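Same chain, two partners: chain A is paired with chain B first, then with chain C.
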Partner chain A sequence: MRVTKGAQIIAGTALLALAVAACGGGGGGSTGSSPGATTGASDAPVRMEIGEPQKLFYPSDTTETEGAEVLAALFSPLVSYNENKEVVNEVAQSIETEDNKVWTIKLKPGYTWHNGEKLIAQNYVDAWNFASNQENVQSASYFFGRIAGYADLNPGEGKTPSTKEMSGLKAVDDLTLEVTLSKPFSQFPVMLGYTAFYPLPKAAFGPDGKVTEEFAAKPIGQGQFSIDKPYGKGTDQTIDLTRYDAFAGAKPKFSKLQFKIYTSTETAYNDLRGGELDIIDQLAASSISSAKSDLGERYIEQPDAGIGYIGFPLKYNKEYENVKVREAIAMAIDRKTIAEKVFSGTRAPADDFINPAIAGYKQGACTVCIFDPAKAKEVYTAANGPKKLELGYNADGGHKEWIEAVAINLRASLGIEVTVKPFEKFQAILDELDAKKYTGMFRMGWAIDYPSPENYLTPIFSTEAAKTGSNYAGYSSKEFDDLLVKGDTAETPEAGLEAYRQAADVLNKELPYVPVYFYKINAGYSEHLKSVKINLLNQVEWESVEKA
Partner chain B sequence: MGRYVIRRLIQAIPVLLGATLLIFAVVFALPGDPIAALAGEKRGNPVVVALLREQYHLNDPLIVQYGYYISGVFQGNLGRTYANVEVSQIIAAKFQVTVNLAITALVLEAIFGVGLGLWAALRRGKATDSMILASTLILVSVPTLVTGFVLQLLLGVQLRRWTGGVEIFPIAGVSDGWISYVVPGFVLAGTSIAYLTRLTRTSLVENLRADYVRTAVAKGMPRRRVVGRHALRNALIPLITFLGADLGTLMGGAVITESIFNIPGIGQELFRSVHERQQPVVVGIVTILVLVYILANLVVDLLYAVLDPRIRYE
Partner chain C sequence: MSDIRPAGPLDPETQQSEALDQVAPATVPDTAQPGVPPSAQPKTKKKDGKPASLWTDAWYDLRRRPLFIGSAIMIFILVVMAIFPQLFTSVNPYDAATCQLIDARTPPSAGHLFGQDNQGCDVFAKTIYGARVSIMVGVTTMIVTALFGGLLGLIAGFRSGATDVILSRTTEIFFAIPLILGALLILVIFGRGNVWTVMLALSVLAWPMTFRIMRASVITAKNQDYVMAARALGAGAGRIMFRHILPNALAPVIVIAMINLGGFIAAEAALSYLGVGIQSPEISWGLMIADARDRFLEAWHPLIFPSIFLSITVLAFIMLGDAVRDALDPKLR
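On to the complex of A and B.
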């Protein structure tokens, strides 16, 4: 259409006037007194703070929380997790198995993609095959490692996979998916709520069978919201979503959702106080005390499934070999003060290898995780522990303060020399550990991939994980490995939980790491909202959000 | 004059090449693998990491990597980030925002700095002079981080409580147009305003004592004309140098301000990219900053000739 310059100016002015009027309406809404405010407020989006997503929206290439938060609004998972730490079916109608190896997943009928197509079992097969294939370089591909045929798609560096499909995936009919694992794993259903397991529609794939960049910028999901326009990574400051009205699950009670990208949560908090933002899912430590008084009931504090540890290079430094030395170190740390003072209450003292947010946690299971400087000194001297200790941490993640605090604890309690060594990045510690160059203790953290107690055990402490996983200590115990197998093959969830509990107790006894703190969620929301719930994966449950 | 400009621009080419190589080498020398860093604190899938390293030529020696980069640049391609986004696309969007911020800051700086300096110089030794000097001292000694958050709270959050919810200055972000840049621009320009005020005052005081000013006054020229045409014009020379050099500083030094006010400019991007080891973005942004410095200095040099007829460029 040809438009003259004059018309453009007039149109521009009109738009500007509209925008000004809209701003005025918004302002009226925030005071809540003007009569027109209700209509204005119902159209105004719910605005949530996020950091910039690391990548475009490839579900199987998103292993960080910011991108996952957006994807969670666009896609609906097979299962979700309720407040009682239980797995509940979401898109799945039922998930059944006889032997923990062959799993039959039936889908609920009625789910559709945002483009109107029906959601079918084949969508899961396509997505998971794409995610697993090494040629597609998807960072979450390891989630599919337990499915039979994964090895065929991942022959290793420099080799080409012989097939494009995993033998363990089969769409029996439109609503039935059959998954065969390479060995029994009782926790498989728990994994299915994670971002990597979202399905992908036919439209996602280009002619070469890969997910297209256009799709990753403007994904077509099957979840509560659809995205308004392609996301310009690096340039866009907001991501706008609209409720998908044909969604078959629990629908949100508001129609527009907007993610606003911030680099500083302090700034976001000021925006929230000024009425320019509605939800922050993790407040900065410096904002917490004022948030408690400013927000009152609208301040949320709940356990987060992460754990912070101090690790030992067990695989090559014999100084830490004696478990008594590790016990003494565990007793020498004043967790309570660290959690409350150093972290301003954003952490809780750790007393188990499983986080309280997850089923299987036992309060006080780590009996030596209680501050007892006198006993620590006694045990340490009796075990003839080293006179000099080193403590490494990555300087880029706000760990300096608590590591320094631990060092002070160790010096005071054990009466030895302790030096702290900053590494530039966490990766640098890992590299030196791999090269057996760094011999000191190191800070370690774990955020779960799926809310099963197994996730605190196998990936960090199993013998196998020393090669492929995150077992940086190089810990290896037959008893522990056997209990994991027992848990993986357990016939009932209860029996599985029992075995994992025993495995965690092995760790509590042998201390390959020393647990120091559990993370907490410190979130807040504005007066425009009545209720907000955040789930175990740190994602907002949008159906729980209500406008005031 | 034309030949002078061309010569200066040709001189800029080796400077640019040198700067990019230097930055490339520095970013390259930082410890930690950028691809592994993508996985956070977990160990990335080794096959995926290897394939990505291959794709971004990270296994090649520095000079080969630089070769790939610079040949791309000559084809108008600044490369892609490790998250597979076009660098040019990121820089283009963010650069615009920072230019807006820097210009706002520069304008505020010129108005307040020269204005206050002029006022202080004309009231030399009086209470006004002392007060202006004292307040510049405060402005210099309070860090940007503090002024930023305090002004954000006062002008952004508190002010709208007093006005009953009417927004005057936005708290953060740039979605409200020019007004969004005023408070951050002032914060960014803060210390420079103080320096410029003092510089203007000193320079003007000195010129007001000069012989030619006495002559001008003696021959009965109106005071306004003496100050404006004679003293101020000469006093402007050091100020222009300062403003020109400051433009580069304002653009590159906006990291803290952009972070406090959530302004999606290149300062913020540079900080994040250094953190994430995004070599192509860091090199691209720094190259552009070098270019800005070179051009700003050129403009300053040309302005000298305008202000001082004794200076000529062949």
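On to the complex of A and C.
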């Protein structure tokens, strides 16, 4: 589950004062004395900003972006995604299936671990079995839920799994992996690019068959870079990597990479301008306007696959039952002005349940997601909507301003009373929704796990997700569920896409949530670099990075 | 908060003459009483033969103080602003339609004197309407703490003994809780804050201050000769407390209440700023400052104008308190 709380933004604003102080203090030192600032030196590292990783580097326990960024430099995935949002093979030679249920993955020969061992199919089996076993409490475990035998490793709390291996995983030979799913899923190859699906070498496992902490601090990967020394979480301010020259894939054009840990993206931006940093992958909203003018060509703006919504507690509050009420609310929100004024252009107004960064998006699919206060009022009055609405949000994610803006929109357009209710933490609002205690509208966000339109649908709106997933609206529609099954079992990816598109259109009509904005990536790089590319998973493609 | 000397006898001569007037109307005021030292004999004030009381003296004194006149005028304007904000602005900031997000952060202009805030609302109108919450919280908290703390202080000081010990120790418990931290806790328990919860939270924690001042000044007043005299003449406890001690112990309580009022207004702003006090869509200066803080570098005006109003209001009440204290404290004359 990757519902987003938007912590990065709040970290930016809360530490504004600190950032200003740091700027003032660092000014003297940054002009020349630091060896890192020497432009063009061939072994000077490329330096990138990250936030502190939440955990040590266990691939299957990293569900946040910062740790994933480091892991992406150390490991190479089976598949990646190109500019046309298509899946392209990376470590995989081919991924084939007859029935969307049994998948044969062949690996390219020549890949080796940083310790010299050969990469074999068994490495994937070991890693995925470890990730799925409930005893290992890996936060990305649910990704493996579609593989046959997952239930055996997850018998439920308090019970011990009867086996350590999933029946659906088999290493046929060194380069062939056979995966059997419990039921057909046409999007399976799309999932394989995600962090949780990285393999693990033999050296990762201790005598008890678990990944050691030692390994997690200094992981041995099979990717573009190897890590120089164990990462001391909490004390280390940088993570230093060196190019792995025996890497079989596309190699980066520079030899040293350094991740610098920041608590404020404003500070990082000041460092970037001062020549102390090279890449920032998400600028704070307050830095955007100056970044545009300061960086010029070196400012990157591209769609990011997240969506921000306003949700309705359909399951237990009858007030929102009438779809006309929800339509009126959708029409009453001025998305364009909010994206422009509140987010300074770091968001785009949403008009579909699928993000434009992902195949399957249809422009203007949500016909009522267009600001029309007069019509909204008319529809709302005709539907006899409630005179008083409440709108809840989590106060720890920098959401106050846009939620206030939405509240003002609703008050002005619908002529009703709207109160805004802050929850201290994101977890608090989720808990109240789970317990069916909170009856107001709520803010919700979604960042994708893998770039398939299916990821915007099943985990958030399927009937099943109301029990185990992130379906906080409690939405349930037979038509929608059927279309998902149709997509999952489709024979070709195109047919699958078509079915998901129809499913998304059901949502556009029935509006269990109202889409408000699409996220954007606002990144920038220093004059020490010539080019930087950021992929759909919001990770830098290191082979694209060139020094100036 | 400026310090207040524990009240000594305030102009004993006048008080005594008054007290005696009340206790023994039969006696002639200008003859010396048996047992009263000559120095304490009432001096009859001139001017149409009417004896000047502490209050008339203080009023006479106040009217000549620029500090008092200045702060009184400011407070008068602020109070009018709080009661009739529509006299100052034709825009009603509670009407969401007056906010134009598209014009967010527009700097001050002729149409919007103080510019527009992050939501495109008129800062001038919001600042004017914001006075109401501040003044309401300040004044109600002051009245509640003065009545409650004052009453308990009067009882504790007058009764002494076990009553005094129990009340004083209880007070010390409350006194030990820092105002803002304690109020934060209370408001979090209440959930959604509004004018009344903020008032309650501040009152619960602020009354001990009034209590202490009142108790101290009652203890001093209690031992004055005129109280002895009243007692000797057979006056009851209630009568002594309310007719003789209270009027003479009241001055320092009024002073502390006035000065505290400014503090309460500042505390309300602080609590709203922290997000536990007044909640949107209610308008409060603290809330406006909090909303404007993140984008201060982009737009200064939504933060600066409410801040100025807040500072002026707090200052005005503290200055008024200072002026009243100077007028009521004979030692400074």
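Rule of thumb we're sticking to: the second predicted complex is superposed on the first by the 508 of 548 C-alpha atoms of A that agree within 3 Å, B and C clash if a C-alpha of one lies under 4 Å from a C-alpha of the other, contacts with A are read in each partner's own complex, and residues count from 1 in each chain.
By definition in this document, a contact is a pair of C-beta atoms (placed from the backbone, for glycine too) under 8 Å apart; a residue touches a chain by one contact, two chains touch by 3 or more.
These numbers were taken from a predicted model, which means no experiment stands behind them.
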item: Fit or clash - chain C, chain B, common chain A; value: fit
item: Chain A: partner with more touched residues, chain B or chain C; value: B
item: Which superposed partner A:Ala428 touches (first chain B, second chain C, both, neither); value: first
item: Partner chain in contact with A:Asp334 - chain B first, chain C second, else both or neither; value: second
item: Chain B versus chain C as contact partner of A:Ala171, first or second or both or neither; value: neither
item: Which superposed partner A:Val323 touches (first chain B, second chain C, both, neither); value: neither
item: Touching partner for A:Ala395 - first (chain B), second (chain C), both, neither; value: second
item: Partner chain(s) touched by A:Ser139 [first = chain B, second = chain C, both, neither]; value: first
item: Touched partner set for A:Ala466, first chain B, second chain C, both or neither; value: neither
item: Closest Cα approach, chain C to chain B, once both complexes are overlaid on chain A (Å); value: 9
item: Residues of chain A that lie at the interface with chain B and also at the interface with chain C; value: none
item: Residue numbers on chain C that touch chain A, as the complex places them; value: 95-97, 99, 101-102, 104-105, 118-121, 192, 275, 279-281, 291, 294-295, 297-298
item: Of all residues in chain B, those that touch chain A in their complex; value: 30-33, 36-48, 50-52, 55, 81, 83-85, 89-90, 92-94, 149, 152-153, 156-157, 160, 164-167, 170-175, 258-262, 264, 268-269, 271-272, 275
item: Contacting residues of chain A [partner chain C, same complex]; value: 13, 16, 286, 289, 334, 337-338, 340-342, 395, 400-401, 404-405, 407-409, 411-412, 418-422
item: Chain A residues touching chain B - in the complex, by the definition given at the top; value: 23, 27-28, 30-31, 52, 54-56, 63-64, 134-135, 137-139, 141-142, 154, 156-157, 213, 232-235, 237-238, 260-264, 266-268, 270-271, 273-276, 396, 423-428, 430-431, 444-447, 459, 468-470
